Amino acid sequence: MYNIKVRGVLIEGNKGYHDITQDVTNPLLSKTTPKWWWIASFVTTSMLIWGIWGFYNTIAVGTGTWGLNNSVSWGFAIINFVWWIGIGHAGTAFSIFLLVLHQRWRTSINRAAEAMTIFAVMAAGMFPMIHMGRIWDGFFVFPYPNTRGPLWDNFNSPLFWDVTAISTYLTASFLFWYVGMIPDFASIRERTVSIVKKKIYGILSLGWLGSARGWLRFESAALLMGGLTAPLVVSVHSIVAMDFAAGIVPGWHSTIFPPFFVVGAIFSGFAMVLTLMIIVRKVYKYEEYVTQRHLDAIARVLTFVSLIMGVAYISEIFVAWYSNSPYEMYVFFKNRAIGDYEFEFWAMITCNAIIPQLFWFKKIRKNITMVFIISIFINIGMWFERFVIVVTSLSKTWLPSTWHSYTPTLTEVAIFVGTLGFFIMGILMFLRFLPMMAISELKGVLKETSIVKENTKSHEE
Amino acid sequence: MKNKSQILGVFNDPDVVSTAVDELLRNNIPIKDVFSPFPLEHVWKKLNMKTRIPYATFLYGVLGTVATFAFLYWSSVINYPLIFGGKPTDSLSFVIIMFVLAILSGVIFTLATYLIREKLWPGKVVNLPDPRSTDDKFVIVIEKDMDMDEATVRQIDELLKKSGATEVNMSNV
Amino acid sequence: MIINKFVVARIPKVHCFLFPFFLFFLISYSLSSFGQTAEAEKNFTQCKACHTIGGGRLVGPDLKGVTSKYPQSWLIKFIQNSQNLIKSGDKNAVKVFNEYNKIPMPSHNLTDAQVKDILLYIKNGGKLPAGVSVKKAPIKTAVATTQQVNQEDRYFEQQRKGSRNLTISAIVFGILLLLSIFDLLFSHYLKSKWIHYVIILSALWILGEWSWDFTTGLGRQQNYQPDQPIWFSHKVHAGQNQINCQYCHFTVETSMHAGIPPASVCMNCHSQVKEGKRTGKKEIAKIYAAIKEKKPIQWVKVDNLPDFVYFNHSQHVKVGKINCTECHGDVAKMDQVAEVHELSMGWCLDCHRKHKVQFRSNKFYAEYKKLHEELRAGKIDKVTVKMIGGEDCAKCHY
Amino acid sequence: MEKKYWQSLEIYDEIVKNSVSNKESMPEFSIDGLDETEIKGKSSRRDFLKMMGFSVGAVALVSSCQMPVRKAIPLLNRPQELIPGVPNYYATTFFDGDEYCSILVKTRESRPIKIEGNDLSQISQRGTSAKVQASVLNLYDDVRLKGPVKGGNQNNWKTIDAEIKGKLEILKNDDKEVVLMTSTIISPTTRKLIDEFVIAYPNVKWIQYDSLPMSAMRKANKINFEKDTIPYYHFENADVMVGFNADFLGTWLMPVTFSKQFSKGRKLKDGQTKMSRLYQFETNMSLTGSNADYRYQIKPSEEASVLLKLYNILAEKTGNVVYNTTEVKTDVSKVAKDLLNSKGKSLVVSGTNDTKIQLMVNAINSLLDNYGKTIDLNTAVNLKQGVESDIMLAISGMQSGKVGGVLFYNVNPVYDCVHKDKLTKALKNLPLKVSFATTMDETALLCDYVCPDNNYLESWNDAEPINGFYSFTQPTIRPIFDTRQFQESLLRWMDSDQSFSDYLEKNWEAIFFPKQKTFNSFDKFWFKCKKDGVYNIASEEQSQPVFKGGKLKAEKPKIGALELALYENISIGTGRYSNNPWLQEMPDPVTTATWDNYVTVSPAFAKAQGLQQEDVVKINDSLELPVLIQPGQTEETIGIALGYGRSNAGKVGDGVGKNVYGLINISTGLKNLLGTPVTLEKTSKTYSLALTQTHHVMEGRPIVRETVLSSFIKDPTSGNEEHVKFLKDENFSLYPDPKFNAFQWGLSVDLNSCTGCSNCVISCQAENNVAVVGKDQVKLGRIMQWIRIDRYYSEMSDNPEVFHMPVMCLQCDNAPCENVCPVAALSHSDEGLSQVTYNRCIGTRYCMNNCPYKVRRFNWYEFVNNNKFDYNLNSDLGKLVLNPDVTVRQRGVVEKCNSCEQRIQEKKLLAKSENRELRDGEILTACQQNCPTDAIQFGNLLDKGSNVSRTNDTGRMYHLLESLHTLPSQSYLTKVRNKKA
């Protein structure tokens, strides 16, 4: 049970149930769209359009428009893919882990985090697709019955595992997200006066009633789906890690990768949640829902995870030395630490292992601006981590004759920016059209976790 | 059917609903349903409601695992065995795919079961006894049968009001 | 006719095409001691296209008495490669060549002994010596009746119609699907929901079937029966006239391509046969035109494989001893040749998985010692193509 | 090998007539069984692969969008030996004016697609060089002239013949000289024809012109032996070889022959433990230098002194006259000792075109008693007959007006003559200027008439590269364009209607046929000659001429001055092959650079001058070239490759690099590539070079394993300790060992034999339809060649040891690449090959990452029909070189070496249809077949008696990165250097 004395109030500002409904649904029921939303949409649309150019260029001209070469044949695309997948872990980690652990402070953040998951995973999913040399034959990765023998897929390939894991993850987290929104859609359905909205949200709510039996089954189904999806959080990024760990490349071939990646994913995901929620609470004035205490809790988690990351880095380096394999040692001591990509390596160490340690100071945790900046640093650091893993390892592998460096091209950057645009666009759409906090859940925790004043504020009618 | 109507007790506070339910049950008044904006765990318990969805989910998971294994084994060992990298055709890699697909089948079929059991589908038209139950009201629904006399109705009405209902309404279904 | 067809249809396919081989093998084995083999008769079928024995001049001369007219050694040389002889300036050869409209006699890949056998056969007036009786391989003679032609055509026509019907119903059901979804969600015109569900499910089924059909058909052209520049009937040539496939497609045993016959091969017969029964002079005249204008005839390829597939005819026909009809269908019954099989990879593999290799008879396979041992030990009863790597990708794709 | 030789032209008739010259009539050219596919639009799903070449012709699309109608167009009349789908081989001769090679040409559907070495030749002995391999592409060069040209416009032969004949007559009557300038002509029949031409037109003066002559050697031999010849060398008989700036494995005189000989003396197979030793004294790091056991750096100006020093030591020991010389720091005592120990079994050569130096070399060889043993003066080499003074005389004749006309055959002096400015000016006023060039090159551009010669694959000819060794050129295809052989042009102008083939035949009947006794009919003799491609007339043994020495004198080496050492590049040679994209993209075996020439400087010099790789420097204040830091380059010298900077080579070769022919040292009157004093100045510009390798040392990894001969004799596994350890360790694997039914194809590369000549790279490129990607892509690290020759230095020092290591797909049994392909495009075959199925590949490139050897190549762009990659795959003509058995890969597909699967299948099928077992050595991979040093063996590893198994069964065998337990089928043999431990 939530202990207010220890943890503090979850929802501040003396809210009533009706206030919650109103606060959450007002932005999407209001007829006018705020100006900032249009400006942000314009910016992200332009990013998206640039990204679409990148996609077009790649598909029409060839993968040659990227900076890859015969030695470094994975680059920006895979870096961004892993990065996005990592971010896509926040939502699920947040809502499902905390749901399963009965951490009630998740309630005001989980919906947005899940939305983030969906869009991040969608953004991530674009990369393996555009990364293919022959995207038009991409359907070959699915083991569908065919007239070629039939010829199936190679089930040993980590990429095949990737395909199954990511599509499963996307499906499962989308369904979980959607199921969670059903009662909220019903709330909106009943609240809106616009016929169109009533119809649309009515369809989306699937005819939700909110009866006791309905809630019982709902809770049961949601918990089951959450419980089933929870291992996915671990497995998806473990499988993504196996893309590398199952490879023979020095710097990749390492058993630490799966847990290391999962932790990294949670790290970057939480950081992204932090970044996003700081903006959202500011813009939508949700300080009462996403309280200082929420941010504090996330910051503490980040500090802890950052320490794990640091240990992971150290143990990787230690193992490289301990293995006595000249190839491994070269990767860590020469190529990463003092090689062509030393900046990226040290940026990774600094952003991921050192800067988050500032969260030890309460003052910094309390300073929203600092928290925001550090969360951005973590995002950048995690991006560099993927860069270091993918590029430095590949650029100098076994035979020195094949060593070649890699610089991304404009097309690759465009695609990355495009997915950023897509992601932000998705979030904007989410903020505009979907309940960004779980109304029913907020109501559920309202009484237990807040000092509620006499329930007289309910609307008169 | 036509003459069926419902007595609706509208409450403001979940805790009050809980006591009202107790009160009604004590008076042997059958509660048809309780509509609330968020789940009220104690109400289900009091009304002795249960669900068997978890068993179904377990079944789906097991079926997903078995079906995946059967497919993988058939396709890569029996149907068209190809050697990849010197590994045997029946490999450990199956475990990973089985794990993931078991979850997928679990999630999808659980949702499907839930939707079917709850009779939810897009476009379903509903008439809530009290639309405010999705906002801030908690509604106890008591079915009023043909044979229910006025006295009982009044008793229920009183009972509800006494338990803390802000209003008691009648509705025709 | 009908009865015949019926019987044939009931003989399993494999036996059907192996039977002549088997028979041939049996006969040639039993007759080898006679010095005159039934092989000669078989070999002479090649000659029959242009020559008769006592039947008068055809494309080439009547062969009656040819054995006494020319020395045997000269005949052997001429039969094996007439052009060489002509080029070397041999008088007799040049004379014959000029006499018969300068139509070169195609060279024959026959050994001296085989030619001698044929000569003996000719000397005997086209009969095998007494005491040697030969069972003729049962060759199904197909009489070209218009009715049959129509049947053939209709068969493929129906196939095409079938796919068209599916397309039409897919469109209809697609529209129905959209309508019923709309009605289910918005208009509620039909009150009984089950009608919607029935429509949606059946529409999905039809659409699925159609898209399966469409996608697997991409790049394939089963039942493809294009019009050829010349109305050439395989039924007449291979069926009625029983011209051996390899008479025209003569590189099938030596090359990856079976080979489309050069116009000069057509001219072997058509320098004499100038009129067809059904087409009159019109179609045959196209050959003459081609030769006169030096413009090759542009046949349309019927059985197509994608470019990334390496298929070698000699591997299958010579080494694998596969009958042409296995892949091309019974061409002898088709007027216009059509692609009978789908020629998909699955279709290829299916055969590779079932088909036996000439494992014992071809010395090449001696290298597969383990399989030989297993065969001897009775662990396996046959060696299929699959067992010697016939399922490997790089057998056909490189 | 099933060889089909070509018998007579008549049979050949119908096939290739009109071929590509007029596209309207293309269908006539088509061959039955070949598909004629019109590709409408780019992205039809299946039509892209295996461009058969014959993709022209109007074909309508019917019925469906997905399958275009394909036509099968038979010939009207099939020549007997032409079977569609079956290759024919014709024996012929490659001679481009510089290099000679006897070859077999593989033709498919009557178009030459591949060149193989002729194993009957005693000179090239089945070996070829990269240039020879690539020469087939020149046949399909778009810039070839389509017909005779007059004043820049296409004309017809009749007019041109009449006009030229008229002008020749006028000049004859005016008694003006006409210079017939040809490259070295080794064809006895052509020489006879030219003599007849000179008789017909007495005013014609015939001179031979070589871009890089060897006149000094001829002169020295004239002085020493009274024989104006280049002797034939026998490197295989030499125990000790000393080279002075002679890149005899790469470019000098007869590199293929010498490589073959060189490797023979250094093979360590079948228990042989004897190995010859090579000392190399050189300025640039040449291919030969990179293969030397001991390599000494000398400046060009020091060469004479070093040679004289060597001579003096030898003379002292043998009691001969000693001459004064300047002391040089190079220590030659060890060389001298070694030479003396193997007297009569040693060989000293110098590639410097300086008579003084050649005299010293002769004197040393004479001291060492090498004549008659390793040097055969009686068997003259007929290559390089050009004399520098001839062209000087000709130019001055033109200037003075004495010369009225000039005919250029197979020479391009306007590009590669030192005096090209003078020549250009002199040409201006000449009444008759005729070129026989096949393309509109720099010289042809200045000529009034261009009478394009046939490509050698369309020609008749004979050749006598070495006295008594004849070889024949016969056409393998009808002339594609309206071109005419040079010899036939001469015949026409002599009012003869004879074809040159008749002339050739008559000449052989008259002169050579009587000399032999084996054949009694000329037809048989002639057939045999054409079939074999070579014919030798045994020369009677003669005693070697007596050496007549003179005083030797060496000039003082220049100190402190920067000296230039020009060199001939192994790929594009003298510039003749500038327009050949295969050669342009062939990485230089030493620098690994492609598509450019550059200034090679030593690391020390670069440091001193503050030069970085790719900095642009100014040579002699005019020529700007980028710097390439080359370990092994002598300090205070720079090296630049000739043959670049063509302005009229064609779209591929134009503007690639800079022309440095003007920098040739002519101080002695001879064209000496070495020793021009130059100045070098750093500019602020940089210019990026396309290198295929950016890291040059092995970082202590056991990649190329080496040992020295003495250790090897003691322990055959020396240097290969890793492998011994690997075998000793229990190689625990989770998975069972791979099992194969009958075949496991394996290939072994003898690193001791491999010189890095890159013949295999081009051979593979030609066989497997490998695309050319251009300089920018090479720079990005996207070269497509399936074999790369890794070159490592022992250290990045001033004089490192060099290793060459060809790396193709190693066909691992535990292939890491196969595991990771999601779509099963890679799998392992029943015969131990790692198969790649292009049409299944979706291009995730995971396999490329996971290949430790990085032998997989990705099609980053569509390299076919793409104007951005305007090489042979972007032209209908250029595509005719494609091998129809091999798929042309689409963009987005990963490809790699497949051990010439098509050849394996071909030979297996042959064995099956002949009802016999497969013979060992029957299957030859493209890289193996023409290797001039026989460094590559291929065969069945399961057969313990096979060549490759026996080769592997020595202590020298190891697998690359074997500790990874990838179990490669391809193996390497350790490199053994014959030097002190």
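Should a chain be cited, it is by its letter among A, B, C and D, assigned in written order, with residues numbered from 1 in that chain.
As a convention for this text, contacts are C-beta pairs under 8 Å (C-beta built on N, C-alpha and C of every residue); 3 or more make two chains touch, one makes a residue touch a chain.
All values reported here derive from a predicted model rather than from experimental measurement.
Distance between Cα centroids is largest for the pairing of subunit C with B.
Each of A-C and B-D has its own count of C-beta contacts, and the greater count is at B-D.
Put simply, the C-alpha centre of subunit A and that of subunit C have 61 angstrom between them.
Here the CA centre of subunit B is 80 Å from the CA centre of subunit D. Centre-to-centre, using mean CA coordinates, subunit B is 67 Å away from subunit C.
Centroids of subunit A and subunit B (each the mean of its C-alpha atoms) stand 29 Å apart.
Multi-chain contact residues of subunit B, defined as those touching 2 or more other chains: 80, 82, 84-85, 87, 122-123. Residue positions of subunit A touching 2 or more other chains: 149-152, 154, 156-157, 160, 203.
Those residues of subunit C in touch with two or more other chains are numbered 185-186, 349, 391, 393. Note for the complex: subunit D touches subunit B at residues 735-736, 738, 812-819, 821, 824, 826-828, 967.
Partner subunit D is touched in their complex by these residues of subunit C: 81, 83, 87, 107, 218-221, 224, 226, 251, 253-265, 290-291, 294-301, 304, 306-308, 310, 312, 314-315, 318-319, 362-371, 387-389, 392-395, 397-398.
Listing the residues of subunit D that touch subunit A in their complex gives 43, 45, 693-701, 703, 777, 780-783, 788, 790-792, 805, 807, 816, 818-824, 826-827, 840-846, 848-850, 852-854, 856-862, 890-894, 960-961, 964, 966.
Taken in their complex, subunit A has these residues touching subunit C: 146-151, 199, 203.
Against subunit A, the residues of subunit B that register as touching in their complex are 12-15, 33-41, 43-44, 47, 49-51, 53-54, 57, 61, 71-72, 75-76, 79-80, 82, 84-85, 87, 91, 93-94, 96-97, 99-101, 103-104, 106-108, 110-111, 113-115, 117-126, 128, 131-137.
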